[in-house]
Amino acid sequence: MSGIERRTIEIPEICRVEGHSAVTVDISDGRVANVQLEVFEGTRFFERIVLGHQYEEMPHITSRVCAICSTGHVLAAVRAIENIFEFKPSVHTNLCRQLMHLGMIIESHATHICALALPDFLKTPDLLDFATKHQKEFEVWTKLRNLGASIQTIIGGRPFHPVNLHVGGLSRYPLEQDLMPLLRILDESRTYALHLCDLLSGLTLPIERTAEACFLAVVPDGPGYGYFGEVVRASDGWEAPVANYKEYLNERVVAYSHAKISTHLGGKPFMVGAMARLFFFADRLGKTARSVFDKSPLASGKACSLWNNLAQAIEILEAIEQSIVFVEQLAAGGFESEGATHLDGLVKAGRGVGAVECPRGTLYHYYELDEKGKIVAADMITPSAQNTAQIELDICTVVEQQMALDPALLQSSLETLVRAYDPCNTCATHMVQIRSVKAK
Amino acid sequence: MTTTTEQKTLPCIAVESLTGCAGELLVILDNLEQLLPFVRIVSFPFAQSKNECGPVDITFVEGSVSQPHDIEKLKRIRSNSRWLIAIGNCAVWGCVQAGACSRCHVEDMLHAVYGDESPIKALPARPLSDFVHVDAMLSGCPINATQFLSVTASLLKDHLPYITHKPVCLECKLRENPCVLIEKNLPCLGPVTAAGCGALCPSLGAACYGCWGPCQSPQMAAMATILQEKGYQLDEVLSRLQTFGAPDTLFARMKPDAEVA
Amino acid sequence: MMDHCFVLAKDSFAEFFESLSKLGRVYAPVKVSDQSYSFRQVESHEQIAFEALRTILPPKKYFYPTQETILRYNDVQIEEHKPEIDFQILFGVHPCDLAGLGIMDTIFTAGPADSHYLNRRQSSLIVGLSCMPDKHCFCQSMGTDCPESGYDLFLTDIGDDYLLEVRTAAGVKAVDPIMPLLRAAGQDDESRYKAFWSNRAQAFTNGFKPDNLRSVMAMEWDNKIWDEMADRCLSCGNCTPVCPTCYCFDLVDIASLNGTSGERRREWDSCQFVGFAQVAADYNFRPGPVDRLKFWYRHKLHGFDDPFGFQTCVGCGRCTVSCPAGIDDIVSVVQALQATNQAKTKHDAN
Amino acid sequence: MMQISTPFMPEKGVIRSIVPMAQDNYLFEFKTDTDRLAACKPGQFVELWVPGVGECPISVCSGRVTESIQLLVRRVGRVTNALFQMSEGDWAGLRGPYGHGFPVERYKGQNLCMVAGGLGIAPIRSLWQYVLDHRQDFGKVILIYGMRHSDEMLFREELKLLLQRGDIHVFLAADDATVCELPPFAMQVGRVTDMIRQAAIDHDFQVAICGPPVMYKYVIEELKAKHVTDQNIWLSLERQMKCGIGKCGHCFIGGRFTCQAGPVFQLADLKFVPELIECDNGGAQ
């Protein structure tokens, strides 16, 4: 072994991500020998937890996978089960669900950008620092978060872990007087989203280049920019129905992590999330978001993964515009007061997949029911699990570029990189914190 | 906003998490503006990267104990904290993962989710109070922000908060909701679930599914009897009652024919 | 007897309502689900559910809110919280609820009077309304079916008209603007009125006689019926907030984060909760559902005999319909107790 | 419209002194602006409020009318813990005095036996102070005070003086008296019931009792054995009391509000009260 320089970079716990995780990089003879993104959030076993429960409990149980994208889990579960029952929800229900989802996108992206990612760029390691030195950004965060929370509360009953979304429909539909006050807030919120877009486009990134990524995203149902669909598309030209997810996502268990790792079509790492969605569907954006996108570094199509945060800001802007449309449509459609649809006659045995584009990427829920509607098998594949392989690839690329740098700088680059993905370890089971970089 | 010098003399709080969905952390983040003038946040790994592990006045802990690492961390937190407060259903009851553990062995779960060769060490999910002394428990999934702030206010004065865990039915009736258990025969768990959410589900016409965990002295056997009379199968009833972590001990008094599966 | 009685044609009700709503906010029963009604604020007479028998919560909530602040404090002083009290009109209060309010009045005025309750009570106009009992009503048995007081105005449904009794000075003032709509009640009206009340008296079918409740309860204290009921009791407390005569509350301090100020609040409580009779060192005088259930029955049936000389159940049937376990059927429970008791005493006599 | 004021308004009571009596038992002296509280009768109580925490009923243990009142408080839970964190000069809220205390007028001219268990000594102390101030009005006077451990003895100095007086017969008993007191404390190992057996009590005595719920049943049995009638037995009862003025319902037993009709009851007056002394299964949950 003598003569060969070996060292290991360890980031034992990465802060400001959802959940607990760590990064280990082995460097041997000037080359990266091994990269591990370890998720050591305790195991949650949702695929097992749901067994034996009734289908109608799925939204409530699976929302507990993760608070921040609980709405996504609820909607994925609901879609999967409705697919089994071959049930088509009403137009009204769909509008409510879409609006709800946008509320989550706004809240989750805002929190991710402002609280988890921005402090890296603004160099404010603690909250009070952030709140006092960057009052504008703190305010933007508060306003957008509150907006997202209000939307989700009005539709779902509370800011997260919604109680009002069920298989079949809502238990109570929002009334005109609940929704209309949103319009004014939505209108004001554009400036906050634009502020984030400006701020993020103007950043100098600590990393020049990340590994080239293959993007995957669900093709939205309908013409606009959207988050629900039945077909997934990859940037290498391939397309498949989400129902076949098992064939194209290879989920495997790795020894070092509580999160499973996914690759696409036999081993290829890939990236899901805001950047992937914009890569495919920027042309579906509304006018305002589109013009921001066109001027941004994302427009080139091959951007550094760190721009994911900017992609999220653009999605916030788009979500605000879309929400205004949905609220207006709900108003125009009249406010029906149907209660949750009773599905009793439709319950049957079967299998179904529901895929939803969550803030961090595609989320798949799969269920198998018996004839009484009891869950006999389940599977959930979260975006963070899908991104893990790509993050490891990116880490590898960054370490090779910056190996010569001061270890503290390198560590900070790596943390920034990981945070850009906003890996949700709670989802993947939970995620990361950094204590030191040790060179052995 | 207070200046840095004043910050030094403020009570220190920490927000830590074990294994959970981070919901409580979000609730705290959402109420940060109200807290910041009165406390110094010395540790909050979810939201800041400069975290100390020195002594703190109040530590709020979210999440359940689900792996050996969590126990170590919890013990360290306990020894550093004057008040240790369990927040959220995971920390108070163990939430859905504990609920499942009472119906299935953790090894089986590991096997079911991660396959045969998994090196992962998992423990059956347990609430904090199974391992350390907990000064107060604030249930909720997620916790109620108003309740959290008033509990924090008490603790900042070094007073134990008043938390009663009366049933959801109380809040439901105070909001004058028609009872969905009676009128719609929905499997409402309001009678055995701790209040605090404001009877959210029944107020929307849906059944309470028990996300706040058991109320004080829940009558599980009676609840099971009544749901069975409404046509729900016993195994379904039990799995609903235990979904959000109600421990087996609460079912001890159930009649032999209603033995916990 | 028809001194202060007038006839209001049902066709004129809208105008009557209009005139009432000029005096203040009007609350009346509205339909909130297939089976339930609730007193809510109404803007138009069309919202009123005249067919409503019992609302989920009784009208006590307008005088004794489910939650209210009683004082605020800071580091130097304690300040009484004086709620803003607007004049309110309760329309459609049935005899049992009028009797219930009477009992609440007694409790809240006995000893040091409860100001919040009384202040609200004094700035209200109560308009009673006649009703036809269903199978759960037993106000007749409890002697609360024909109220003689507790209202300002009372409407009896006599076919196409209402017979409007004006009971108080406030009532006189309230009908003053609509006098042109009214005509004095005549003989025919009186007989229609009497016919209504006698028909109504016939409509009570359960034949429940609450005799000797005190001794029956005492002798049947260990009856196994209590244990059977307690096996089903959820301790959910639904029976108490819905009862027009349940008054229990909890007092709660809400401190502010600044460490110096806060408020004290009272909230409805229930004797069915395990913490209700618990004292220091976790000693509990009523630890089990059976203890609490018996306490409640006893309190309703003869609990107020001693201090006030009346029973606290007014026979509205709310507890019966609100109990998810179906065990708060006062009539059948007491009848069962009376039956065993009678058998026992006969046996002893022999 | 005339609006009346709420009866829930406490007065501010400034802590004048805090004297530890035994572990977790402190004697607090409060000064209020009015003398309404100081003029209370033996056995009455106040609602003590620690702002931000809550209220609890505490017996006034000073039987003499002075410008301040004394409360002996045991630290057991939320409110009492918070009180123990306060210092001289701080204020708490006080409402009262509430309830009917011991019927001292009816005791006059008769023999009196006072039985206290543990913390029950607090209201009994107000009674003995009254009795001593009007000693000539009473016949034979006996004080029986039981505690778990001799260390827990409250009002030690005053008891010393009582023992020296000679016109009042004092019995002290502890379940565990390993640290045996020097004279004048004639501490015996045993329970209050043993003391009652020893004491020269007959049907001619009025008996005032205050102690933990479990104690009453045995004390009453013992007194009956001595032919003391139900008319002459007076119990001070503990219940949860949120309001103290017969509204909140928590203390309601056998047709009456303990706070208003009690807390001192004549045993004869408690005809059918099933949960009077203790609950059926001893309070275990």
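The first chain written gets the first letter, and so on, giving A, B, C and D; residue counts start at 1 in each chain.
Keep in mind that, in the parts below, a residue touches a chain if its C-beta (ideal position, glycine included) is under 8 Å from a C-beta of that chain, and two chains touch if they have at least 3 such contacts.
Fair warning: this is a prediction, and the values are worked out from it, not measured in the lab.
The chain with its C-alpha centre at the largest distance from the centre of chain B is D. Comparing each chain's Cα centroid with the centroid of every protein Cα atom identifies chain B as the most central.
Here B-D and C-D were compared by C-beta pairs in contact; the pair with more is C-D. Measuring from the averaged C-alpha position of chain A to that of chain D gives a distance of 64 Å.
Distance from the chain B centre to the chain D centre is 41 Å, each centre being the mean of its Cα atoms. Distance between chain centres (mean CA atoms), chain C to chain D: 38 Å. One inter-chain figure worth recording: chain A and chain C are separated by 53 Å, centre to centre, where each centre is the mean of the chain's CA atoms.
Chain contacts: chain A has no residue touching two or more partner chains. Residues of chain C in contact with two or more other chains: 250, 252-253, 255, 262, 269, 274.
Counting partners per residue, chain B has 153-154, 157, 159, 162, 217 as the residues that reach two or more other chains. Contacts from chain C toward chain B in the complex involve residues 32-36, 38, 56-57, 61, 66-67, 231-238, 241-242, 250, 252-259, 262, 267-270, 273-275, 289, 321-322, 324-325. Within the complex formed with chain D, the residues of chain C that make contact are 70-71, 73, 77-78, 80-82, 85, 107-108, 110-116, 118-119, 122-123, 214, 218, 221, 246-253, 255, 262, 264, 266, 269, 271, 274, 276-288, 291, 294-295, 299, 302-307. Chain contact summary for the complex, chain D toward chain B: residues 50, 52-54, 77-78, 81-82, 85, 285. The touching residues of chain B, when paired with chain D in their complex, are 153-154, 157-160, 162, 217. Across the complex, chain C is touched by residues 1, 3-10, 12, 49, 51-55, 74, 76-77, 93, 212-213, 238-240, 242-243, 245-250, 252-257, 260-261, 272, 274-275, 278-281, 283-285 of chain D.
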